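Down below are the structures I want you to see.
Consider the two complexes below, in which chain A is the common component and chain B and chain C are the respective partners.
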Partner chain A sequence: MTLDPAFVPDPTIEVVTVSKWFGQKVAVSGLSCSFGPGVTGLLGPNGAGKTTLLRMISGLTSVSNGKITVLGKNPRTDTGLFSSMALVPDEDAVYGDITGRQFVRYSAALSNVEERDKPEEVLSIVAMGDAADRSIGGYSKGMRQRIKVAAAIVTDPDVLILDEPLNGTDPIQRAHLIALFEGFGEEGRTVIVSSHVLEEVERVSKRVIAIVDGRLAAAGSVEAIRASMHDIPYVVRISTDAPRKLGAALFASSAAVSITSTNDGISVSTKDITTLGKDTPRIASDIGARITGFRPQDQSLESVFRYLVEGR
Partner chain B sequence: MRPLSALFVMSLRQALPVKRTIILVLIQLLPALVYLLSTQNRTDAAALESFVAIGASMLLGLAVPVVAIVLGAGALGAERRDETLSFIAMRPIPRFALAGTKTVAAIVAGTAIGLVGALALGVAHVTQYGNTSLITGIGLAVFITTALYVSVLVPLGFLTDRAVLIAMVYLFIFEGGVVSALPALATISPWRIGLSIFGAVASDPPPIIDDLLGSLTPSAVTPLLAVIVTFVVSVALTTLMLRQRDLA
Partner chain C sequence: MTTDRGAVYDLGYEPYHGERRGRKGARLTIWADGNRRVLGLRRKARRKVMPWLLIAIALLPAIVSVGIAFIVPAGVSNEFNLADANASFFQLGGTIVMLFTALAAPELLIPDRRYGVLSMLSSRPLTSSDYLAARFASNITVVGGFLLIPQILLFIGQAGTDPDGLVQGIINSAPTIPRILAVTAIYITAFVPLGFMISSLVQRKSIAASVFLAVIIGLTAFAEAIVRNSVLPGGRWMALLAPINTADAANNWVFGSINNDSLLAAADIHPALGIAALVVIGSAAVMVSVWQYRRLM
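After this line comes the complex of A and B, so read on.
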């Protein structure tokens, strides 16, 4: 029997038909999935319900319907669970008037971390040792992200939840943090990393849960999700000086499903944007047409996911 | 205990940043200044009456409540507004301990600031009339008044961003106007409850204190009981809200 890709065999976090609504607005709707040791990417466009889901898993937000357990406990009522779980929230949940070192030490004290050297150790891990004595108020966005990560990992959590942790980080910081999260996953911790950028999630994790409009859009390996996305019909706007000629010639490409032409270009519907991208310049060159633009229309992550949800 | 002591120390630090502390201390010094200016060349009896009518009523009815309202409303309200509530809520700390520690920290901070005003008022009286017996009473009254306002304001501040406004309206309109006109309502005026312990502890307080107390009588026990009950109810309410409400 094959397991639904939304679920893992030995879950540490179980989300069972969970819904959350704020007044009339439904943020999460009947979502079921599970998370286990290793890194899982939580993917979805802005407003998809990722943060709400992570906050429910963290016990900060109640569920309107359904059930969530973390390590077999209810995160909403069992505060003892927080000795094994930490959250890096999306927002700037930091005290601007204290230093990074004080912030991490405060986090360690609140969680009763007994190892005295632990704060220094994690400051070094997130490469914040040099800036640790500066006030957090003066930190860049990337530095704030790293100090929040330090404050979370100083508690040595079995479950680490990171809400858009790579926002505002530069490429070097990003690579560093990604390696750090991978390391935690390899140690057998349950790590959830949310993002609205597919490429970002792809770099962090092999397994992805994708949600949109509060519903499960796709789950499984990044490759499987990419394969699902290949079936999506894209509309590509091609600007050219010979629209009719190019439109007729492009029918020779297996990638074109339908073509409509206007005075300054053509719109091509395709399910294989990669092949279309390769065929178009070759065909244009053969017929002597000049291409001045090749722009996929409506290719936002949101539209892609919406398609996945509707097709599910 | 380490998590709670860390929370307590940080809460004190949040409650009393340098600039705010200076402003709040200056507010506390106003009653002593007004008292000094209004009691030049008075008899001991007249000075004692002014101590209560001007100094104590201004300190307990204005300066101390303003500080307690600000600190109480901000105890958890500021954490919620600054989005740091998740940082302290996701800890292996029972919700009632979290609520209790934040409330105690606000009471300690408010009392410390209020005692500056009590001390200044006491010193102003001592330097002119040599009577030190009022300092203990006014100090206790500061503690009672602070504890009552803070206990009410911690859950209110968590519930609404308008807690300070609501409390100020209560202080100035209800306590300042309505209770003055209808003395029977003095039992729900926190600063008058604070003043009642001063009336009980101070030796031979002037008769004007009865006018200020309304339907209350000087007592050492009733104010302490009021503080205990209000504190317990406050912590219970705050704990309930921390459990029931979304902490974001």
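After this line comes the complex of A and C, so read on.
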């Protein structure tokens, strides 16, 4: 029997037909999935219900219907569970008037981590050691994100929930944090990383749960989900010195569905962006055209996942 | 050659193998953080100014009185007699403690909401009741300390200036200890729950402090006007709504002195009933705070 990609064989977090509504607004609707050891990306456009789902998993918000268990316990009622669990919320949940070091120490004390060196260790891991004695109020967005991550991992959690943890971080910080999350996953911890940026999720996790409008839109490996998106037409803007020649040549290839030409380039609509990406340089070389740009115009996750949902 | 994506780097993270204390430890952390926050400890210098200024104002009369009592020989002047000074020191401290509560209660509750830290606190091993109880305990600790420290100085002065010597002085002054604790509890009941409730509902520290002072002073003025002028039938019971007057009257009663000018005396209400009213009002205020935080956390 094949397991539905939305579920894992040994789940630590189980979400069973969970719904959540706020008055007339339905934030999450009949969602079922599970999470296990390793990193899982929670993907969806802004307003998809990711934060609501993570807040329910963290016990911060009650479910309107359905059931959530974390390590076999109800996160809403079993306070002891939070000794093994940590959350990095999306909002700026840091005091502005204390230093980063004080905040991480406070966080460690709240989870009863008594080892004195632990806060120093995690500050160093998130590369905040040098700024640790500065007031958090003066931190950049990326530094705040890292101090929040440090405050979460200082508790040595078995379950780590990160809501948009990479927002505001620069590429180096991002790579650093991604490596950290991967390391946690490799150690057998359950790590959920939410994001609305496809590239980020792809880098962080091999398994993805995608939700749109509060419903499960896709689940499984990133490759499998990508494969299921082949029907979505992408529009790619190609800048070239010979738009008409290149347009005509590309139209002959099977990758292009339609082509619009302008003075400095062409817009190609394609259902197979990978093939188009491979074919374009070769074709351009064959006809002697020079390519100065190749930019997908409509790769926003929102449009991709809206298509997935509406296409059903 | 192809390689697997996403190499895992050893960044030096080590699992924690130490002991964990559960909810008790988390409550203790919130309590200790509250004490530090109110007193401005481990904060910038400007955050220390107000609390320590108020503490200095509360302590100064006790230091001066006790100092003079040690210098001026016993029996030279009754003005420096410390034996009956407890009630008057509480009365002075009570007024300042009102200001201190206006400072402390908002500082304990509002930053956690303003900075959005409640979500972080909620994902730790503690319930909303644990959080509130720990913050309330901080408030009681700092306000109680604020009231008790001048009294401790006074006690030392009373024992130290006792003509029978220090040891006998301690024995002679010991009966005041339960009274001191009782009056401390009365002033705490009069101010802390109300300050706590207002701080749980208002979003800015300065506004919460202003509302608290306005409520306390407004209630007192309202009760004074109603009771003293007998404008309403049964209006004398409004005297129970004036926390400052009630606490002061109860203070005098506990220390055995009668103040016939007090609002409770004017309303012909026994101070014990005043204490009961403070407990009822204080309990209601705590219930409102609990209800509010059940919604928030």
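Basically, the second predicted complex is superposed on the first by the 243 of 312 C-alpha atoms of A that agree within 3 Å, B and C clash if a C-alpha of one lies under 4 Å from a C-alpha of the other, contacts with A are read in each partner's own complex, and residues count from 1 in each chain.
Rule of thumb we're sticking to: a residue touches a chain if its C-beta (ideal position, glycine included) is under 8 Å from a C-beta of that chain, and two chains touch if they have at least 3 such contacts.
Here the structure is a predicted model, which is why all the values come from computation and not from measurement.
Trainee: After the chain A overlay, clash or fit between chain B and chain C?
Mentor: clash
Trainee: Tell me the contact category for A:Val122 with respect to chain B and chain C: first, second, both or neither.
Mentor: So A:Val122 only meets chain C here.
Trainee: Tell me which partner touches more residues of chain A in the superposed arrangement, chain B or chain C.
Mentor: On the superposition, C touches more of the residues of chain A.
Trainee: Looking at the overlay, does A:Val201 come into contact with chain B only (first), chain C only (second), both, or neither?
Mentor: Touch partners of A:Val201: none, neither chain B nor chain C.
Trainee: Determine, under the contact definition given at the top, whether A:Val8 touches first (chain B), second (chain C), both, or neither.
Mentor: The answer is neither, since A:Val8 touches no partner chain.
Trainee: Is A:Leu87 in contact with chain B, with chain C, with both, or with neither (first, second, both, neither)?
Mentor: The answer is both, since A:Leu87 touches chain B and chain C.
Trainee: After lining up the shared chain so the two structures overlap, which partner does A:Ser62 touch, if you call chain B first and chain C second: first, second, both or neither?
Mentor: first
Trainee: After superposing on chain A, which of these stretches of chain C ends up overlapping chain B: 8-16, 62-70, 80-88 or 152-160?
Mentor: The listed stretch with clashing C-alpha atoms is 80-88.
Trainee: After overlaying the two complexes on chain A, where does the chain B footprint on chain A coincide with the chain C footprint?
Mentor: Looking at chain A, the two contact sets intersect at 55, 58-60, 79-83, 85-87, 89, 91-95, 97-98, 106-107, 109-112, 151.
Trainee: Which residues of chain B touch chain A in their complex?
Mentor: Where chain B meets chain A, its residues are 2-3, 5-7, 10, 13-14, 17, 82-84, 86-95, 243-244, 246-248.
Trainee: Where on chain A is chain B touching in the complex?
Mentor: 55, 58-62, 76-77, 79-83, 85-87, 89, 91-95, 97-98, 106-107, 109-112, 151
Trainee: For a test of understanding, state which residues of chain C touch chain A in their complex under the given definition.
Mentor: By the definition above, chain C touches chain A via 5-16, 18-23, 25-26, 29-30, 32-33, 42-44, 47, 111, 115-127, 130, 297.
Trainee: Can you name the residues of chain A that touch chain C in the complex?
Mentor: Going through chain A, the ones touching chain C are 55, 58-60, 79-83, 85-87, 89, 91-98, 102, 106-107, 109-115, 118, 121-122, 124-125, 135, 148, 151, 153, 155-156, 161, 176, 178-180, 182-184, 186-187, 203, 206.
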